[in-house]
Amino acid sequence: MLPFANDYSRGAHPKVLQALVDTNMDAQPGYGQDDYTKRAAEKIKTACQMPEAEVFFISGGTQTNQVVISNLLDGDEGVVAADSGHINFHEAGSIEYTGHKVLTLPGVDGKVTANNLQTYLDDWQADENHGQMVAPGMVYISYATEVGTLYSKQELADLSKVCRANQLTLFMDGARLGYALMSPENELSLADIATYCDVFYIGGTKVGALAGEAVVFTHQNVPMRFTTKIKRQGAMLAKGRLIGVQFDALFTDNLYFKISQHAIVLAMKLKQALKDKGYQFLIDSPTNQQFVVVNNSQLEKLKKQVDFSFWEIVDSTHTAIRFVTSWSTTEDEVAALIAIL
Amino acid sequence: MLPFANDYSRGAHPKVLQALVDTNMDAQPGYGQDDYTKRAAEKIKTACQMPEAEVFFISGGTQTNQVVISNLLDGDEGVVAADSGHINFHEAGSIEYTGHKVLTLPGVDGKVTANNLQTYLDDWQADENHGQMVAPGMVYISYATEVGTLYSKQELADLSKVCRANQLTLFMDGARLGYALMSPENELSLADIATYCDVFYIGGTKVGALAGEAVVFTHQNVPMRFTTKIKRQGAMLAKGRLIGVQFDALFTDNLYFKISQHAIVLAMKLKQALKDKGYQFLIDSPTNQQFVVVNNSQLEKLKKQVDFSFWEIVDSTHTAIRFVTSWSTTEDEVAALIAIL
Amino acid sequence: MLPFANDYSRGAHPKVLQALVDTNMDAQPGYGQDDYTKRAAEKIKTACQMPEAEVFFISGGTQTNQVVISNLLDGDEGVVAADSGHINFHEAGSIEYTGHKVLTLPGVDGKVTANNLQTYLDDWQADENHGQMVAPGMVYISYATEVGTLYSKQELADLSKVCRANQLTLFMDGARLGYALMSPENELSLADIATYCDVFYIGGTKVGALAGEAVVFTHQNVPMRFTTKIKRQGAMLAKGRLIGVQFDALFTDNLYFKISQHAIVLAMKLKQALKDKGYQFLIDSPTNQQFVVVNNSQLEKLKKQVDFSFWEIVDSTHTAIRFVTSWSTTEDEVAALIAIL
Amino acid sequence: MLPFANDYSRGAHPKVLQALVDTNMDAQPGYGQDDYTKRAAEKIKTACQMPEAEVFFISGGTQTNQVVISNLLDGDEGVVAADSGHINFHEAGSIEYTGHKVLTLPGVDGKVTANNLQTYLDDWQADENHGQMVAPGMVYISYATEVGTLYSKQELADLSKVCRANQLTLFMDGARLGYALMSPENELSLADIATYCDVFYIGGTKVGALAGEAVVFTHQNVPMRFTTKIKRQGAMLAKGRLIGVQFDALFTDNLYFKISQHAIVLAMKLKQALKDKGYQFLIDSPTNQQFVVVNNSQLEKLKKQVDFSFWEIVDSTHTAIRFVTSWSTTEDEVAALIAIL
């Protein structure tokens, strides 16, 4: 089966795995106090061009969203997200588990827009009963979004401006950040993101690591005793080095960006081939997820040779499916998929 | 100022208050173990024609929703509600506070329909990732709804059927149950409600009591050690008699229904007068809440003489407002309001 | 049966109930925005000689502890209490329900001492793993304590000093505050308590009200949007007037203190009679709870005529029981109890 | 520095790491649905001689305790543990975070005894107010305990009997299970543990893995939709294979037991040497943690050459410290430590 269902079906990039092998027998302190973790944090701060940033490492995306959101919101605050936001759908209610409501706005190509946000805030303010409503405390966005789209620099700047004018924390979920940054349509640098966001994470699990996400706080806004809070939420690894070593490798010689680029080049090759063959796209995605409409007889045929994701029913005879490339996708796999389609 | 803003602006119905006075110096056990509470529970069971029902008393509506929903849902389940549902908007995130997501369906005149529910359940089932989504465990409806509308008997029966076919608890918020049951358009009896719902509450706070709601479990489905659970959520009054005595009075000589009827008669009189004067209604409500569109100059004039609720902006020159009658509204107050309009 | 089991077996003090009757038909805003609630708050601030204090009203003691503690602690902090503290035993885990640990110290006559607290803090600081331990954020004390004892002025001052030196909030549970303040051994005024504590509550449920506790914040330390937080925890009454009217009455003409005094005079009369008859006391209590050791044959006899509380087994032939007086206890009841003993 | 501070200072056992390397490029489903995870589960069931067992994998010990305890307790239940239990001290309040109280019993050499448990249950039952107390729902024990001690077979059987007679779930934290099972004083097999416990976990993080614990449910007592619950608590890795592959390796050719044995042999060698040199032990531990009393001048000298853990102050001139061996400790390191001591 050709593995296009997701970007986490294989282990780690070989250089990342090699780093784990090379450092394996070095005795180090636990709980993220090891040298590798410190080194990875420094490299990330450099990549963000932000020496004052603070970096923490957490095992997975849902956990990262949960830990960051719950600790940056005040008790009665909720987090604003696009209705298609990952925290709203596919994280099993992990934000509500921490006691906070996800306040949804209609997404525009999966994005929260400054206009929609401002309207929401105005309505909330105007409601004479807003004292009995959840107060917005944060805005959650994903880059790339769950449907593979990107924010332009202007869009992110506008959103950031509305957030700052209203004391809302702007948090970016970067589970697929590498694939976003390497898109031909990307306008943002890591430094831009660090400037516009209050906190964001650089995804490792989907971009070459076995597990791990790097959370970046951009302006001394780390919650008090944050490592204790991480611990009480069960999110602290005894061998924090597991993530530190991997990010140290990913941020050496631009590995993170190179392997993301590889996935994007292949995704664009696939996209062009699909276009050439006359396929319709559900969404025009410039990143490593491609959403294609197929008729149902094709669907059945594909199932026998390709691992892909069901996305949604389009009509009684058509279905939208998702193909995903990653750092581990090969030229041959893409060629084989194109041949089948 | 004429008091039409809500149905909780005055104290208790005089007979309810008299019952508190009459029983005041009788020493009784605490925590709902007193004779009055037991007697009130018996009367409610009789009124529901359901001797096997079990009745508990809780101070207010938000607290009741919170205690019932959180203790009847399994850990990872959410509660389905209309997007206009009280638990979704005006209870400050009290359900999410208990760790559960409110799963919203588009309301039809403020109602959850069997069709919308079935579609939602089918979609959830069809999603190959539903193992990473909040599982529906309960359906929350209000009777009357937040916008004053009613379920027909058929609508409730259909909804109940879908719930039972899918192991979903059907919970009715009856904060304004008296006003619903006395509406000229009502088709349901308390016995019908007890038959179709798994749990519901009979609102006291808005229908003649100082505080208190009566929760009815209809088929031995009370959570284990429920009083301990009520206690740990801070919802147990030491002097449980406060609520028991009031419901004992409300369910003596049909007081609950008579005083609700009073409010409905006045609401219908107001509605007819508004119609006669050519006012537009935002919603056609057969209960004690009337939603009327006024132009903004009228709005300003009204503000000086009447307490009403702002509901929503209709257009740049019109606003929808809400007038509410209650057990305590007088004929004179309605006449005065009609005169002003 | 003579009612000595607790101090919440009857309704409200007649003057409190009369106030509810007198104000009943006055239409007022909901959610604690009514005039009576405002007036009660003003009277309490005057009684505390602290015009800058801020006062909130909540229905019961467990709920008050829950709302205050959970909203004043930071996420990973716990609350320090004596092992006999009410929040540690008889509130069904309501603090843990909000996600916070109760950190227990051995009580000295039911009290947290400055020395024990300092030792605990030193040990916590010294533990190199305290980053993986719950951080103390508040100290919870009761006045009177759960075993009827009192803090001296020096004891409270010392405790307050340790708290302030360590950024710990000092919170006093005053469920029986009236009975403490009127004890012959009391050294504290309301003003002293307001000075030494960061937040405390004045109990109404056990001191003449049907329900209600008045929380006093002493130095602009009310949590942001506190009423919204109260609402989301289900602790906001629509008819907030129910509590406001009662406290307005309790703090008119020193009613709160006079009725507490009444209970204390009777408790001291009972205590003296028990002493004279040669009874042993489990604890030497100067307040309205008296803990007496009886032999088991007496115990059985008493059960037939008196409602009291079982406290603990002393040895195979003796049991400690509790007699409680209140604002509603009569001279005749005490005389009858003494006659039986 | 000689690494004796803990058992998680190095990476993975070389064979475990090699398994990660060998399987790295094999595309597999996510979220624990991969072949390696399934194979590891089968091997563990075989090792437990319990084909009907069900096995889940979670990243770390605190997270495992949190997920298991919170999902097996009913809402208002608490978990009984020794006061020295890991969940009570060094997990930052992670159980309370989930809303449940840790109910502590005085540990006997760090153990919960059947007698202490029975007494606790009797007292709880006898308290007429136990409806207002946290109900015990589970017993948590550690094997080896936090102070390195072991339960005898009889002790575990007795405890299991009391638990089953009282509908209490018996849960064993096996963070150091390998080191316990390989102790010369161990009387238990994995099959015994599976028989006596309702759920337990086999620790990987401290026994040769980079991360990961294997939870074993012994009698179809897995919570409904457990993987969704794991997800909502942030404890689900996208690449579940990371843990599956490692446990597959650990349970191949008895690797788990062999490497545990290695640590125990070295711990016993160290223990004997310490005895021979006349050192006092704080606790007589037959496992890989050794608690030794040193005088404070020795302490300072040791600090320069050895990484160890501070345990507690014994008196003004003596301190108890902890030396820990692991699968990665070498003969040379132990020899060097003995030479220094």
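Labels for the chains are A, B, C and D, by order of writing; each one numbers its residues from 1.
Please note the rule applied: contacts are C-beta pairs under 8 Å (C-beta built on N, C-alpha and C of every residue); 3 or more make two chains touch, one makes a residue touch a chain.
From a predicted model like this one, the values you see are computed outputs, not experimental measurements.
Among the remaining chains, the Cα-based centre furthest from that of chain B is the centre of D. Over half of the residue numbers at the chain C-chain D interface are used by both copies of the sequence.
Between A-B and B-C, more C-beta contact pairs are found at B-C.
In terms of their C-alpha centroids, the spacing between chain A and chain C amounts to 50 Å.
Per-chain CA centroids place chain A at a distance of 41 Å from chain B. Between the Cα centres of chain B and chain C there is a gap of 34 Å. Residues of chain B in contact with two or more other chains: 76, 91-93, 97, 99, 132-134, 228-229, 231-232.
The touching residues of chain B, counted against chain A in their complex, run 76, 78, 89-93, 96-102, 126, 128-129, 132-134, 309-310, 313. Residues 31, 70-71, 74-76, 99, 131-135, 223-225, 227-229, 231-232 of chain C are the ones that touch chain A when the two sit in their complex. In the complex of the two chains, the chain D residues touching chain A come out as 1, 3, 5-6, 8-12, 14, 17, 20-21, 23-30, 59-63, 66-67, 91-94, 97, 205-206, 210-211, 228-229, 231-239, 241-242, 307, 328.
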